[in-house]
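Dropping the structures in below, format is structure tokens.
Look at the two complexes coming up: subunit A is in both, with subunit B in one and subunit C in the other.
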Partner chain A sequence: MIIVDKLCYSSRLRYMNAGEKFAFAIITLLICVVSRSILCAAVILAATAILTVKIGGIPLSRYRTLMAVPLTFILLSTLAIIVNFSHTPLDAFAIPLGSIYVTGSWHGIYRAFQLIITAMAAVSCLYFLSLNTPMTDILEVLRRLRCPLLFIELMMLIYRFLFVLLEIASSITTSQRSRLGNKDLKTAYHSFSNMVSVLFVRAIKKSNALFDAMESRCYDGRIRVLNETFPPKAKEIIAIVCFEVFLLICIIGGKLLL
Partner chain B sequence: MSIIRAENLHFTYEDGTEALRGIDLSVEAGQKIALLGANGSGKSTFFLCLNGINQPKEGTLYLHDKPYDYSKKGLLELRSKVGIVFQDPDNQLFSASVFQEISFGVLNIGVDEKEAERRVEEAINELEITPFRHKPTHFLSGGQKKQVSVADILVMDPEVIVLDEPAAALDPKHTIILNHLIEKLSARGITIIISTHDVDHAFAWADEVILFHKGKVLRRGTPEEVFSAAEDLEKTNLAKPAALRLFDNLVANGVLDADEPIPRNLDTLEMYIRERRK
Partner chain C sequence: MNSKEQRIVAISAAFAVVFSVVPGVSAMHIMEGYLPVSYCLAWGALCVPFLIAGFLSLRKRVQENRRALILIAMSGAFIFVLSSLKIPSVTGSCSHMTGTGLGAILFGPSAVSILGIIVLIFQAILLAHGGLTTLGANTFSMAIAGPLLTFAVYKLCMGAKLNRKVSVFLAAFLGDLFTYCVTAFQLALAYPSEAGGVMASFVKFLGVFAPTQLPLAVIEGILTVIIIIGLESFAKPELKTIGYFGKEEAA
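On to the complex of A and B.
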């Protein structure tokens, strides 16, 4: 989570118009999920990987690790689709287990593969967005899309204070460790619970101090801020449109071939 | 004419702590004021009063000789004229984006977006924020966060800027940068009030020094006056500035003449000694 945040600020695509990146990610994701086309998903996986790693400059090893996380989850959950328990063996494989079979069909394997690749393609779209766009830019796009202001203000403050509170938590933990606060499991649990309660108190104090500081800058219950936006480029928009059209052609082509 | 005046100011917190017990002072426009005093002497509480966040229980504050108006409109005007830079930037910066952060105050006082953008750019330039303007606030160093929190206030174009221990937790290099930036603000005609524990800096920099002690003004005057009052310094646990102490010693030992103007920093004192040896 924190790594994603660090990476997005160094991405070479960071200063690309956030609306374009958002539109690309969401439209591609929708096409992928709705069509469930394997060909289309493969194209998306390749495209987002190239965009994020090659053009955005996110290290390949990081990208692989990040993709491996959802992949593990998806593989585990698709096992249920592949593996069946049945009295009659299915066509792909069948392992007899007493009176029943642990078995699977080719159709099931195909469905599982389709699910894995489309899910991963959808995840890669979201990774493309979050690895190349800082949170504040995404919030600005949401604001333009008329997302309720309350949500945006909450997200903005939560995002900021996530880091403030994490820093406090880590410094408390460090000082506990330097006093042998984790010498055995029991002490470690105890230290952790102390840290959480101190963190809670600090969070309340911080929120009061923040409110005072905002009041002193004439806060009236609405957070008004200016955003630096980077103008959209015609070339990029055309490229996005072409890509989406290409995806649609892939889907139709794939349907016709089958 | 004073820009800010406090008359018999009392403030008590909800838990019964009497933080201010009768503050009387006035600040002239364009002055550089250093507020000194032990922790808990009421400096921060006083600052929050100046900005209308704390409403005094007793006594009155005046801005341009008009008593503070605590109505919504009055507070808006007050806070656009008197700005506070808080001690801990992490309590002040609410946005992850430097640009958003700085634009907050100026939009709140009703400046239109175009003008606000111009002012934000100007503050970024003036306070030398350009090299890290695109970094998120959580990756900034302490000194950089401080620069942003000063810009937060500067964009509102205030007449008075109050800085609560601006050099706290800064390394010497960033302290020098910050002092240089504060000097720039002062040169623009902004009245600066800072609280500090650094007697040497207060002695060299301030036009007027105010000593706070247990919620009261113990002494105020020129830096030379205040820092020569040994008894009051002892009461507030402050040491004499190095330049003054050395100067007094050299005068007592007959190295320098007592009628020379008191040197406000070590460089001036060094010059005296060099001239004397010639």
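On to the complex of A and C.
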């Protein structure tokens, strides 16, 4: 139902040590965001795409659709950065509207381009993590990083409940649709709101039933599960370190070139 | 057409293109990698006291009653699902509720801060709405500022003996608007305009997001009211378990 969650279980990189993937994604993300180097962002975009699509085996068409998700935001907010309203025209373009100009500068356009490419590179890092690592493995990494237990427990339960609730919501929506529950806008709003209220009632009922079930199985406030461990491989760690060093060289190289 | 008219038509066409390729309007998440690091850190730091307060209040509730943990988790999942469902809209584009407004009315702002950050982490990882570096900024606007205002407005209206439906609408509507203003402000601070500085930039960001966010805020307000009506008519006992009714009404 959540496409990313489904895809990550079939990734060929799934059984790589989760800590390595987490470290790779976060360090690369930080380098990308801190440096804001265009060269570095292009390298990251290429590297994560190869890793996810070629090595991980996520279908390219899916990857493309997923990368389009943040597009709305980037288009709208970049528009706000490029376009200025002012009495004096700037150097790149200027469209007079009455007494003021809708105008922009080359510097602003360059900055917007830099922003788009680094933001897309950052999103690709995030996708690398989420398309190759199941959520439970990410939670295990957070546990290792000494996140508060209550927080992790909550995340685990919420993650489980997501799917329970999404399933209920989708079956209610299906049955509403089959009864013309969305024939016009007014009915659609009513159906939606009724669905949410019922969802809430079901959620509370489910949570009570679940607690009873857990209590009868000696739940003491902590859920312990055995987790499979895939030890980190020296080869992979060396590869990650090499890549990050390469990125740093790219940044320095890009600075020298300009 | 003279050249001025042509230009106006061209601009409006450009706008139409921009808005028609929009694949889905997520509520105002700042995307991954969009903010400079210093701003990420600053907004994150600003969230810490609220998160600690929320965490402590949650821990107290869990220690008092272990059943609460499951209930709180279910509420978190509920907020996530609410914010990931497409709401019916006129144009056929898909838009989402923030869900944190309803959350704040139902569960209180302190619980929503922690649930909100968890929901935002899941949205970033599972849906690519928002991101990990912008988690701080998004948490502040969507899980702290919006819900706090919603809750304050709701309490104020209820204190002023306003009709509950009106109070719920105002609370959800204003909370949504406030979230949107805070996000625009966060963007403006990070990217001040070349002509006019932060304030000009703030106005621009407000303007760019207004066509999608203003109707959304009204819709969110209306939906929240209908949901609350639905809940009050057939979920009274459940609402009592989460402490929704004030003391005077519970009696």
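We take it that the second predicted complex is superposed on the first by the 244 of 258 C-alpha atoms of A that agree within 3 Å, B and C clash if a C-alpha of one lies under 4 Å from a C-alpha of the other, contacts with A are read in each partner's own complex, and residues count from 1 in each chain.
The rule is simple: a residue touches a chain if its C-beta (ideal position, glycine included) is under 8 Å from a C-beta of that chain, and two chains touch if they have at least 3 such contacts.
Computed from a predicted model, the values in this text were never measured in an experiment.
Novice: Looking at the overlay, does A:V43 come into contact with subunit B only (first), subunit C only (second), both, or neither?
Specialist: A:V43 sits against neither subunit B nor subunit C.
Novice: According to the stated criteria, A:A18 is in contact with first (subunit B), second (subunit C), both, or neither; which is it?
Specialist: It touches nothing on subunit B or subunit C.
Novice: Where does A:P134 make contact in the superposed view: on subunit B (first), on subunit C (second), on both, or on neither?
Specialist: A:P134 sits against subunit B, while subunit C stays out of touch.
Novice: A:P70 in the overlay: touching subunit B, subunit C, both, or neither? Say first, second, both or neither.
Specialist: Once the two structures are laid over each other on A, A:P70 reaches subunit C alone.
Novice: Check whether A:L51 is in contact with subunit B, with subunit C, with both or with neither, and answer first, second, both or neither.
Specialist: neither
Novice: Can A:L226 be said to touch subunit B (first), subunit C (second), both, or neither?
Specialist: first
Novice: Could you look at A:S216 and tell me whether it touches subunit B, subunit C, both or neither (first, second, both, neither)?
Specialist: first
Novice: Does subunit C touch more residues of subunit A than subunit B does, or is it the other way round?
Specialist: After superposing on chain A, more of subunit A is contacted by C.
Novice: Check whether A:L154 is in contact with subunit B, with subunit C, with both or with neither, and answer first, second, both or neither.
Specialist: second
Novice: Kindly classify A:Y9 by the partners it touches after superposition: subunit B alone (first), subunit C alone (second), both, or neither?
Specialist: In the superposition, A:Y9 contacts subunit B only.
Novice: Pick out the shared contact residues on subunit A: the ones touching subunit B in one complex and subunit C in the other.
Specialist: In subunit A, residues 5, 135, 157, 159-160, 164, 206, 210, 214, 219 are touched by subunit B and also by subunit C.
Novice: Under the touch definition given earlier, write down the residues of subunit A that touch subunit B in their complex.
Specialist: 5-6, 9, 134-136, 156-157, 159-160, 163-164, 167, 206, 209-210, 212-220, 223-228
Novice: What residues on subunit C touch subunit A, complex-wise?
Specialist: Against subunit A, subunit C makes touches at 7, 11, 18, 21-26, 29-34, 36-37, 40, 55, 58-59, 62, 66-67, 69-78, 80-82, 84-85, 87-88, 90, 114-115, 118-119, 121-122, 124-129, 131-133, 187, 191, 193-196, 200-201, 204-205, 207-209, 219, 222-223, 226-227, 229-231, 234-235, 238, 241-242.
Novice: Show me the residue ranges of subunit B that touch subunit A in the complex, using the header's touch definition.
Specialist: Where subunit B meets subunit A, its residues are 48, 51-53, 75-76, 79-80, 83-84, 86, 88, 90-97, 99-101, 103-105, 107-109, 113, 116-117, 120, 134-139, 152-153, 156.
Novice: Applying the document's contact rule, which stretches of subunit A touch subunit C when the two form their complex?
Specialist: Answer in residue numbers: 2, 4-5, 26, 29-30, 32-34, 36, 66, 68-77, 79-81, 83-86, 88, 90, 95, 102-103, 105, 107-108, 115, 118-123, 125-127, 129-130, 135, 138, 148, 150-151, 153-155, 157-162, 164-166, 169, 182, 185, 188-194, 196-201, 203-208, 210-211, 214, 219, 221.
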